[in-house]
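So that you can tell them apart, the chains are marked A, B and C in the order they are listed, and the count of residues begins at 1 in each.
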Amino acid sequence: MLNTLITHELRTIVLSPKFSLTFAVTSLLMLLSVAVGIAQYHDAVRQYETTTALTQQEMREARGWMSLNNTVLRAPDPMQIFVAGVNDDIGRISAVNSFRGIKLTHSTYSDDPVYAVFRFIDMAFIVSVVFSLLALLFTYDAVNGEAERGTLQLIFSNAVPRARYILGKFIGAWLGLIVPLCIPFMLSALLLIVWSVPMSPDHWLRLLTLYGTSILYVTVFIAAGILLSTATKRSSTSFLYSLVSWVCLVFIVPRAGATIAGQIVVIPTVAEVEAERDAFAKDRWARYEETLQTTWRSRNAPIESMTREDREAYREQHMWEWMEEDDRNRKQVQKDIDAFALSANEQQRNRKAEQERLAFALSRFSPASAYHLAAVNLAGTDITLKARYEDALNIYRPLFTAYKDKKQKESGGMGGIRIEVNTDTGVKIDTGREKGVLDISDMPRFEQPQRSFRDAAVPAMIDIGLLGFFSFAAFAGAFVRFLRYDVR
Amino acid sequence: MEQQPLLEANGLTKRYEDGALAVNNVSFSVRPGEIYAMLGGNGAGKTTTINLFLNFLEPTSGEARIAGIASHADPLAAKKHVAFVSENVMLYTNFTAVQNLAYFVRLGGRTGYTTEDYRRVLLRVGLQEEAHHKKLKGFSKGMRQKCGIAIAILKDAPAILLDEPTSGLDPKSGYEFMQLLGSLRDEGKAILMSTHDIFRAKESADTIGIMRQGNLVMQQSRAALSGEDLERLYMEHMAGVTE
Amino acid sequence: MVRLIIEKELRDIFTSSKFLVTFGICSVLIILSFLIGARNHQVATAQYEASKRANDLQYEGVTDWTRVQEYKIFLPPQPLATLVNGVANDIGRTIEVRGRGELRSQDSRYGDDPIFALFRFLDLEFIFSIVLTLFAILFGYDLINGEKERGTLRLTFSNAIPRTGYIIAKFIGAFLALAVPLLVPILAGILILPAFGITLAGDDWLKLALIIGAGIITVGAFLALALFVSASTERSSTSFLVLLSLWIVMVMIVPRLSVVAADQIVTVPSVDEINSQKSRFMSQIWNEDRGRMNSYTPPKSQNVQEVMAGFNKFMQELADAREKKFNELSARLNEERTNRQAEQQMLAMLVSGVSPSALFTLAAGEINGTSLRMERAFLEQAKEYQRQYAAFMKEKTGMNTGGFSFVVRMVTDDDAAPPKPINIRELPQFAFTPLSAASGLGAYTGYTGVLAVYLLLFFAGAYRSFQRYDVR
C-alpha cells in the first residue's frame, strides 16, 4: 500500500507540466553557474601563476638580499566554483618582508567593485534560494490540496492508515524532487572532469558531502511544505504562509542575525588596531634611537682624548662589534613590535569570534543559514579562511626573514643602500651590488594552508546536524498534525 | 398593444475557433413582462447564447440585441439595460452580503440606495436578516443565489438574464426563487432564463424554447403546450444529448 | 466607476490575510532596517572617530615632522550608506597618504569582517529589490485571473463596465494597497532616525526621497508585470509560477549573469599584472639612478647642515625625476585599466538593465553616492589631499617626504632645549565630501526613466491582453 501511495505522489509531482519546465530551467541554471565558476577558476589560476612567476623574477632581480621582498598569493581552490563564500571579499595578496606585518589586501571585490554590486552566483546560492522555493511550491498543497479536490475523503473511505499515508506523501515528494536534483549535480561533476579542474580525492569527498548537505537542505523544505499543508485548511493559506516563511528563512533571518550580532558585539576596525600597533612601533623605535644615541655617546667617550689616528684605529677595531650590537637591538625592537601586533590581532580575533558565535547562533534558526555555513565550511571559503592564511603567513614570515638575513650575512657586508655621513668626507652613497641575479632556489616557499576534509567537516557537522534536526522536526510536526487532520 | 421586444436574437450564430458550432442561427425575442425559458441539455448552446447577449463572446454572424442595441456593436450601452444572474453566483467571500450588494449595484450604475433599501431587497429575496452583515465565506449556494438576484433587482434593469439559476437549489428554495421571478415579471421585466429543469419552466415561463446542439429546435408559448407535449419534446430533443 | 473599483480593490486587499501578513513583515523589516541602519551608523561613526584618534595618537610626542612618514585618512560613514549599502562595504575605507606615490584604499568592511560578507546586511535596498518586488508579485498575480476563478469577473462585466477603466482601476487599487505597507513603516523609520542622533542634511532628504521614489516605481513595475501575466493566463496558479520564475530570473540571475557576461566579453587587465609591471619599472629606474648615486660628490663644505642640504637636494631631484617617469607609466596603465573597467561596467549595467530590480539597485546607488563612483571619489579626493599634505610637509621639513627619499637626522651634543613635540593636528585634515545628489541625478534619472518605461510597457501589455481577455 505504501508503494501505491508513493508511486501516486511521485506521479503527481513528476507528471505535472510545470515540473519538467521548472526543473529543466533550474538545472540549466545550476550548470551555467558551475560552468561560469570553472571558467573563473581557471582565470584565477592563470592569474595566480603569472603573478607568482613575476614575483619570483622580481625577487631574483632584487637589488640585494637586504631588499628582498616576497609577495604571497592565495592559491585558488576548485571548491570556490561551488561555494564562493568570502573568497572574493578577503584579500588575495600579502607582502612578506621584514619591516611590515603581513596583511591580505586586494580582494576581488575591492579591485573590481563592479562584481560587488550584484555579487556572483554560485551553486550554493541556487540551491539555497531556488531549490528551497521549488520544494515548497511542489508540497505546499500536498494534503489540503487533496482535501479541496475531495480526493482525501475518497482515499480515507478505504482502510488506509493515516501514518502510512503521510509517510507515503513524504517519500513520494522526496523522491520526486531529489532524484531530479541529482541530475545537475552529476552533470556538474562531469563538467569538472571535462574541463580538467584539478580535483583531489579530498575535494571529491568535500563535493560529495556538499551534495549530501544540499539534499538534506531541500528535504527540510519538503517536510516544511507538507507541515504547512497539514497545518492549514486551504491551499491558498498554506501557499501564502510557505511563501512568507521562505522569504523569512532564506533572506531575512540570516541577514538579521549577522546584522544584530554586529550591533551587540562591536569590534574595533582593522585601521584602529593597526594604528595602535603603529603607535607602539613608533614608541619603540623612538626609544631605540634614544638608547642608540646614548650608546654611541658612551662608545665615543673613551676616544675623546685620543689623537685622530688612534681614534680611527679604535673605531675600525670596534666598528663591526658595535654594528652587530645595534643590529641585535634593532631586531629585538622588530620582534617586540611583531609580538605586540600578534597579541593585538589575537584580541581582535577573539572579539570577532564572539561576534561570529552570536551571529551564527542567531541566524542558525534558518535552515538557509545552516546550509550556507555548512557549505562554506566544506568548501573552505568560510570566515576562518582569512585567519588561516594570516596564521600561515605569520609562520612563513620569520622563515623568510631568517633566510634573507642568512643570505645577507653570507653575501657579506650590510647590503642594501649605505649612506655614510662623515664630518670629514661629507656624504657618500653606496648602493651595493649592481649586476647579476640572486639565487633564490633554496628560499623557503609559502605553504598554502591546507585543511583536511576532517577539519572542514567537523565545523560543518553542527549545521548538517541542525538541518537533519529541522527536517525531522518538520516531518514529525506534519505527522502529528495529520493524525488529527479533518479529512472531510 | 404589442410592445417592442427588450431581448432579441436575430440569426445569432457562434462558431468557435476550433470549428465547433455552438449556436446556429437562433432567433427569438423576449418582451417586457415575459419570461422566456431556454430549455436544453448540457452543451445545447444556452450559456453561449447568454454570453453572446453579454458580449462575453462575439457572434460569428447575426446579433443579440438588448433594448434595441446590438450588444457586440455597443456593449456598454447595451449592458446598461440588463441584469445578470449566473448559474453559480460568485461574490467576494471576504465582503459581507451588503458590501457585495453595494459594490455590484454601484458598478451597475445605480447609486443613492440606502442600507434600508439593501435590507428590504435582501429580505424580499429571502435572505435572513442575521446574514446580511456576515461575510460571504460561509454562505451556501442558495444564499449566494439570493444575493445574486438581489443585485439584479437593485440594478433595476428592464431585462434580466439568468443562467441556470435554480440548479443545485433545494426544492423549497427553487420554488421561492420562481415565485420571485414571477413577481419580477409582473413588474414588467423581460426575463431570459436558461434551464434544464423542465417542470419549473412549465410552471412559470411564458414562452419556452428548446435548444439542441446549437439549434433552436422548437419554440412555443406555454399556453400552446400541454404537459404531455412538453415531456415528449423533452425526451426527443434533450435526452439524446445527455446520453 | 474607476473610483468604485479602486475602493473595492482596496477593501478586498485590506481584508485579506495576504495583506496582514505582508504588512506585518514589511513593517518589521523596514523599521528594523532603519533601526539597524541607525545603530550601524552610530557604530561606524564611533569606529571612524576611534580610528582617527588612534591614528593621531601614534604621533604623540613626536618632535620632528620628518618622522611623520605617512598619514592615514579615513572614509567617514555616510548616514544613508547604511540604508543603501551599495559598494560602501566593499571598497577600502582607509588610505595611507605619503608625500608622493600611488594611493590605494584598503580595509573594506567586508574584508575586515567577512561574517557580514557571508550574510550581508539588511538594508532598504535589499528590502525594496527583493522583498517588496516579491510582494508586488504576490499582490498582483491573481488580479485578473483570480477574479475569474472566483467567478466575480463574469458578474462584473455583465454590467456596463469599460475594460480600460477596469484594468486601470485594478492597477491603481493594488498599487495603493501595496504602497501603504511600504510608506507607513518608512515614515515611522524616518521618525526613528533623530532618536539615534542621526540628522539628515538637505541633500540627504532629497536622496532618501528619490531612493524611495525609485523603489516605488520598481514595485509598480513588478505589479504591472504581475497584472500583465495575470491578464494573459487563465489560472492564477499558472500566473504565479510564471511570475515567480520571472522574479527569480530578474532579481537573482540577470544582475549576476550580467557581470559574468561583461567579464567574459571585456577583458580587464588584472591589478596584479599592472602592479607587477609598475614594480618592474620602478626597479628599472632605480637601477638607472644607482649609478648617479654612487658617483655623487658632496658639496665641498665643512658645514654639516650645508652638506646635508646639498645631499637632500640631490636625492630629492632624483626622486622627483623618478616619480615623474613612474607617474607617466602608472597613469598610462591605470588609464588603460580604468577605461577597460568602465567599458566592462557599462556592459554589465546595460545587460542588467533587463531587470527592473537591478535598475533600482543601480539608481539607488547612483543617487545615494554609494555606486561605483564612490571609490573613485574617495581616491580623487585623497589625491587632492595628498597634494595638500605634500605641500604642508615640504613647508615643515623642506622636502617631499614619503616615497623614496632619505631622512638623515643629525644628532649634536649641544645641550639645547629639548625639542618641542609637533602637533599632528596642524596637518591639513581630510574631509570627505560625499557625492551630492546632483552628481548622481543624471544616471539616476536614466535608470529610473527606464524603470518607468518598464512600468508603462508592462501595463500596456496588461491592457492589450485584457482587451482580448475572455471574461466568461
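Assume a residue touches a chain if its C-beta (ideal position, glycine included) is under 8 Å from a C-beta of that chain, and two chains touch if they have at least 3 such contacts.
Small disclaimer: the values here were computed from a predicted structure and weren't measured.
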Overall pattern in which the protein chains touch one another (line/ring/star/complete/other): line
Chain closest to the middle, measuring from C-alpha centroids that were averaged per chain: C
Distance between the centres, which are taken as Cα means, of chain C and chain A, whole angstrom: 23
Gap in Å, rounded to a whole number, between the CA centres of chain C and chain B: 63
Inter-centroid spacing, chain B versus chain A (mean Cα positions, whole Å): 70
Residues of chain C engaged with two or more neighbouring chains: none
Of all residues in chain A, the ones touching two or more other chains: none
Of chain A, residues touching chain C in the complex: 18, 22, 25, 29, 32, 36, 39-40, 47, 50-51, 54-55, 58, 61-63, 73, 85-86, 89-91, 93, 103-107, 109-121, 125, 129-130, 133, 137, 237, 240-241, 243-244, 247-248, 251-252, 254-263, 266-272, 275-276, 278-279, 282-283, 286, 293, 297, 352, 355-356, 359, 363, 369, 372-373, 376, 382-383, 385-386, 417, 419, 421, 423, 425-431, 434
Chain C residues touching chain A - in the complex, by the definition given at the top: 17-18, 21-22, 25, 29, 32, 36, 39-40, 43, 46-48, 50-51, 54-55, 57-62, 67, 72, 74, 86-87, 90-94, 104-108, 110-122, 126, 130-131, 134, 138, 238, 241, 244-245, 248, 252-253, 255-260, 262-264, 268, 270-273, 276, 279-280, 283, 286-287, 290, 293-294, 296, 298-302, 304, 307-308, 310-311, 341, 344-345, 348, 352, 358, 361-362, 365, 371-372, 375, 406, 408, 411, 413
Touching residues on chain C, where the partner in the complex is chain B: 1, 4-5, 8, 11-12, 15-16, 150-152, 154-162, 470-472
Residues of chain B touching chain C in the complex: 51, 54, 56-57, 75-80, 82-84, 86, 88-95, 99, 103-104, 106-109, 148, 151, 155, 161
